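Here is the structure we will look at, set down as structure tokens.
In order of appearance the chains are A, B, C and D, and numbering begins at 1 in each one.
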Amino acid sequence: MSHLRKRITTACGWLLADHFILVLTVVFFLVMWRIYPSMGGARNLANISSNMWPLLTLVIGQMFVLLVGGIDLSQTSIMAVTSVTGSMIMTLRLDPARFQDNPLWGVVLSESGGLLAGHVLAVPTAVILMLTIGACIGLINGLAVARLRMPPFMVTLVTMSFFSGFAIYLTRSENIMHLPESFIVIGRGGLGPVPYAMMIAFLTAVAAWTILNRMVLGRWIYAVGINRKTAVVSGVPCAGVIVAAYVFSGLCATSAAILYSARLEAGRPTLGQHLLLDVIGAAVIGGISLFGGKGKVRWAVYGVAFFVVLDNSLNKMPLNFYAVDIIKGAVILMAAVLDVLRNLLSQRSPARAGA
Amino acid sequence: MILSGELIHFGNITKEFFGIRALAGITLSMPSGQIVGLVGENGAGKSTLMNVLGGVFAPDAGSMIWQGRPYSPEGPADATREGIAFIHQELNLFGNLSIADNLFIDGFPRVRRLGVLKRGTANRLARQRLEAVALECPVNTPVENLTPGEQQLVEIARALGRNARLIILDEPTSSLTQNERERLFGLMNELRKGGCTLVFISHNLDEVLRMSDRIVVMRDGCVVSTGEKREYTVERMITDMVGRQINNLYPEKTSRASEEVLLRVEGLSRSGTVDDVSFVLHRGEILGLFGLMGSGRTELARILFGLDSFSAGNLEAIGRPLGGHKPAKSISRGLAFVTENRRDEGLLMEGTIESNVALAALRRRAFSRWSVWIRGGAIRERTLRTAGELRLHAADLRRQPARNLSGGNQQKAVIAKWLLTEPKILILDEPTRGIDIGAKYEIYTIMNNLAAEGAGILFISSELEELAATCDRILVMSNGRIHGEFSRGAFDEKAILEAAFEGLRIGGTKR
Amino acid sequence: MSGSGKKHTIVLAALRNTPLILFVLLFVCFGILTPDFFRYQSIENAVKQASYIGIVATGMAFVLLTGGIDLSVGSNMYLSTVAAGLCIQRFGLPGWAAFTVCIGVGIVFAATNALIITRLRVIPFIATLATMVAGRGLGRMLLQSRAISYPEAITSIGSARLWGVPYPIVLFAAILAAAWIMLHRTQWGRQIYAVGYNMEAARKAGINTVRISATAYVLCGAFASLGGFVSVAQLGNVNTGFGRGSEFDAIAAAVLGGISLFGGIGSIFPGVLLGAVMIQLVSTGLVSARVDLYLHSMISATIIFAAVAIDSRRTILLEKLQQRRIQIE
Amino acid sequence: MKKFRSILISALLISAIIFTCQCTRRPGEKQTVICFAFQDLETEYWVAAHKAITETLRSRGIMVLERNGHQDANRQLEQVRDAIAQDVDGIIIIPQDGESALTIIGEANRAGTPIAVFNRPPANRSRPALVVVADNEKIAEETVRYMVLAASKLERKMKPLILVGDLGDQNAIARRQGFYNVIGERPEIFEKPIEVPTKWDPATTLANLEAAMQINRGVDFIFTSSDFLYPQIRAVLEPLGKWKPIGDKDHVILGGLDGDSTAYMLMEQGFVDATGVQDLFFEAHAIMDALLKAIQDGQKTPEEWIEDPGFAITQENMQEKREDMWGYRVMAGLAEAKK
């Protein structure tokens, strides 16, 4: 009999260690499918997938910052600024009534649309510009945290309010419409069954995995996260590593902005204002520690999958609107308690200690 | 009322951590009004036994009798209430609070009803306590401004304040200057006369012999021998502790210093810490740097390695000048720096042993292509080989976190980390601090082998005996300046100590 | 050695009270921009408007000093004022009864925070993030799309005066004094600093760290609901967005006042008072200086960034100075 | 053993939550389901609109899936897409703004689900949908024109002040535009208007308005972008002794938009000169009838733009116009729709 019990506990040990959240998500999805048949429908699966990829790129970017022991609240404002600046370049038509008193009227914006309206290279240049701006904001965050030794929570909180204000200032709170079809197709279209969004998210995940597991920068990131003093003595360029983490987070936020703007077919100065909770919630549910040094790309994917399936199922239930908030708060709490439980168990059995 | 009989009796105490038996059935009793010297290698269970007594851990089995009554504390608060005070090696004080606050942190004199504290009475009581330990400092100075010696006296004052009957001193002298040690020993004798029992845990066997009335030697979780001071000598203590005859604490010195200069330092100074330091390190030489706490040895090491900048003087490593550099550049030039505190600056406690060992050498061509892509195989193979050379015992190098290693093995992991960078100049700052005799011996052997293979070693220590046995030359540093140089054969312990004190006497200013 | 010593002491003294210097700097430059900014009336206004954020920031300071954080103060304000409003509307409770209901709900909300953080050992950032979301949902459930407006009796307090000083300021001053006494003159207060400085050492010193952190969170919740009540007394009604974002204002005010996010460092008076008034000063100053609406959030963000940058320069300098004197590992 | 027990507890915990969702299964089969995705319940106007729509639909035996978008267009898009995947019969949305409305309508058209837009029109008419809209700019102009009329009677230079709504909300920008159009016509009466940001948040409004009034003592003409801010205006004007009814020499000419019950009460007491009214109940019933008719006829992409003229209710036309003002009807507890 003890042989059976031993096999069950090792199975639980394996379950609880790394793949618990994935199992939880699958079980949750199957149960929901039985209750609401439309959950498993092709259209709903497409919804789940299209909601998942932008959030995944955001969480992967946030993970890099969490790994070095910081936090990046400014991802949402990076999305807003890049979505707006990119659209200003690409847009084909602008309604003068709403844009004359815009500071950039005549300089960048005009009657016939943005700077490169209609030009064949418009979309690629716009995307490159967006990525550079995202990287620059990440750079500002990184330098403030690494060089000025300011607390990451305050730095990114301040850059969040600054750049979301900046996005609204640039557009005088107008949304920018009429984006070229080749940009919008990123949000909806795909190569055969595989949507472009999935490809972008997959590329980000592969890049993150390679950096963390196959590159020197990855080892350095883990070192800075676990113990910054030891990293300094061991010759790790800590400031550089921290700046790199924030720049990567900025780039991920920009790619998410591209996906969301394409989906909403407009450049929005208030894009993703309320996404912060989902990003942090998904990261924690995945098991990424807020104190640095502990996190894997796989965990980010599981955390996002759980969160998106949860959101999707909550949208199915005929709940009144306030119940959704209460359930979401309760689920984040439950996931956090299970995470504490999981750490307790992994502490207890030394062999299973994670990297 | 001093009870002449037993103050504390341990009955068959056992305690297990992660499957390792830290305490294997300890039966021991301590009389009141005596200093008990407790010695043993790291991992022998000294601290664990005291933590059980101090209520930090609960024993898995066995019982304790305190002043004739059964005693099983849930937490440190119970132990303190019973009159047992535990003064840890890393002091338990709150830097941001004043001395008075630290003394009464868990028991302020208060106005009964409101719970508001009587600041006046608190300060008055605090002044009394400080006089008892002969510490003249204003009562409201924040503790972070005190020297380590003064902080320790505040910790002892707090223990006395709760009329402690038993005070446990864990490695009290490891960070004290010589006169601070004398002051502590004087205080200990007075406490003993006042009826207090003191448990004195230290690696410095001479001090233990000098101060204790009874000696208890522990090894591998059990008491090996116990008895009056006169039955013991340093050699017997070592034999009991190590359990096998160590004919010599230090390996045969094989390497000889050559003429080739690896490191040249001229007129190096940095305001407030190091002042006009010049010396030369030759290939194959083990250069000792002796100095007491506060003499600026660690600061000098940090400047050499590039962790701190220097305002004047110049530096030459293997013929090429070195200045305003960062650790990364020092490593590429062949320098290595084993820091004084392996827990804070030496290891990634949560990281795996392999990731620790490979950390400093990641940029080298052997372990990464264009210092960007990691060569996993090369790292795994080299870590295995180096761990074998250093006899680093670990269950699974790839997955086991560094925190699960014993003290000695952790130090070997740090040294392995630096060996992977193929260093030519090794700076070792107190490498044998807080590890057992067996592991020390192995570290001296490693140093000898490295010197023999042509590396230059700067060995920083505050234990003169250790330097005398292993170094070719010894520089004496105090008050940020080098006060003397002694080469092998002309090591005169008294002269070296005088040079070490010279800075303090003349300087006299307490920074 | 003594020459550079003196220079350092001046710099250190300047950096020690950065909040005061920043406050004066802001006050002067806004004064120049709008001439009659210096009148007593506008200063009194700034402090009155800053009082509700100041009260919440004082509660937040307790939690920050223990090294934790509380993101749920906004939802706490919302839930407690909605509950009090409902009691007035449905059971016709008089003013002071509604006040006790408000504080009671605030304490119960904060007690759940304390329970989750100390008993279930969930880290404060996540625990309070979850209660923030759930609390806001609970408030909306109570509200059931009904408008809540407070009766005359309470809104009159908002603009009434006690010995010529508006009530909110009186209450704010009382809260500051109480908080200062609790922190500096009671054992619990000293232990808050101890727990914030080094939790492990506090546990070894025999301090009941669980009770200390729990009471810090409960007090933070109580002060949040008190701040909510003061704000509603001025506003007159509670809408669904009430309190949203107050958690960031409270944290910004505490940090501007010199309270470190890592615990154990910072003072209530003059720290939190200056921080709260500074935040209010910036926004009202910009309005009275007729600055373009769109630039407001950018300017206030820059000022807070500068303040935090100066504060972290101070910690670096203190670290360097400290390093030289103590040589142990 | 302890480890095994804790795994058991967490498993029970999860199944308990899943079980509770169990009991919210969909009742009978053939019941029309409409998804009502609204932007948020920031002001009394939206609260009344939410109440009107949900209660009338439920009274007609229709199951309503309520979705609060928390002012996030992206979340609203996800909610509508999930509703479409659930094959709801129809969708009513209060969009965050015109642009996201267009995208959401695109989704509904592709899926063939009839969609109705309430109060915030899509940016253009390129995609078919049922829309009921009030022209905020025109209503604001009408209200301010009456205020200007009242001001010109005083024959003195006026110091106007406008409480601007959240800069990210099109309705607020349209109302601001309406205000400036009318004030711009009479530069000889009006000095340069003072702009006070509110971000639709009472606390910010109170603080900023108080600061502005401190600096510009002589302000005697205030237009608020929404009536729900009147309590804050009163809290500021009263201590300054400017909260006086019409006719008093210190009276500040007050006007606003929305037409909620507080506005009506203040107009009755003579504090407020005029307020722009969107006929809420007319809009709600018009849009619901159009949608239900489209569902019955099985129209996949119905298209109809219903114009809610809205009007400015002023001191003069208060008596006869108040019947159409939804604020008055809510206050008087009358039946919601006139007919």
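Just so it is clear, a residue touches a chain if its C-beta (ideal position, glycine included) is under 8 Å from a C-beta of that chain, and two chains touch if they have at least 3 such contacts.
Model, not experiment: these values are computed from the prediction.
Asker: Starting at subunit B, what is the smallest number of hops through touching chains needed to reach subunit C?
Answerer: 1
Asker: Which chains does subunit B share as contact partners with subunit D?
Answerer: Chains that touch both subunit B and subunit D, as defined above, are A, C.
Asker: Of the other chains, whose C-alpha centre is the longest way from the centre of subunit A?
Answerer: B
Asker: Subunit C to subunit D: how many Å between their CA centres?
Answerer: Chain centroid spacing, subunit C to subunit D, equals 33 Å.
Asker: In whole angstrom, what separates the CA-based centres of subunit A and subunit B?
Answerer: Distance between chain centres, rounded to whole Å: 45 Å.
Asker: Can you list every residue of subunit B that touches 2 or more other chains, as numbers and ranges?
Answerer: Within subunit B, residues 344 contact more than one other chain.
Asker: Check each residue of subunit A and list the ones that touch at least two other chains.
Answerer: In subunit A, the residues touching two or more other chains are 168, 172, 320-322, 324, 330.
Asker: Where in subunit C do residues touch two or more other chains at once?
Answerer: 140, 294, 296
Asker: Pairs of chains that touch, anyone?
Answerer: After working through each pair, the chains in contact turn out to be A-B, A-C, A-D, B-C, C-D.
Asker: If you look only at subunit C, which of its residues touch subunit B in the complex?
Answerer: 1, 4, 181, 185-188, 190-191, 193-194, 196-198, 201-208, 264-265, 322, 324-329
Asker: Given the complex with subunit C, which residues does subunit D contribute to the contact?
Answerer: Residue positions touching the partner: 40-44, 47, 50-51, 164, 167, 194-197, 200-204, 206-208, 210-212, 214-215, 228, 231-232, 234-235, 238-239.
Asker: Could you pull out which subunit A residues touch subunit C in their complex?
Answerer: Within the complex, subunit A touches subunit C at residues 144, 148-151, 153-155, 157-159, 161-162, 164-166, 168-169, 172, 277, 280-281, 284, 290-291, 320-326, 328-330, 332-333, 336-337, 340.
Asker: Report the residues of subunit C in contact with subunit D in the complex, numbered from low to high.
Answerer: 34, 36-37, 39, 41-42, 45-46, 49, 52, 140, 145-147, 149, 155, 158-159, 231, 234-237, 239-242, 244, 280, 283-285, 287-288, 290, 293-294, 296
Asker: Could you pull out which subunit A residues touch subunit B in their complex?
Answerer: It is residues 214-220, 222-223, 226-227, 229-237, 293-294, 350-351, 353, 355 of subunit A that touch subunit B.
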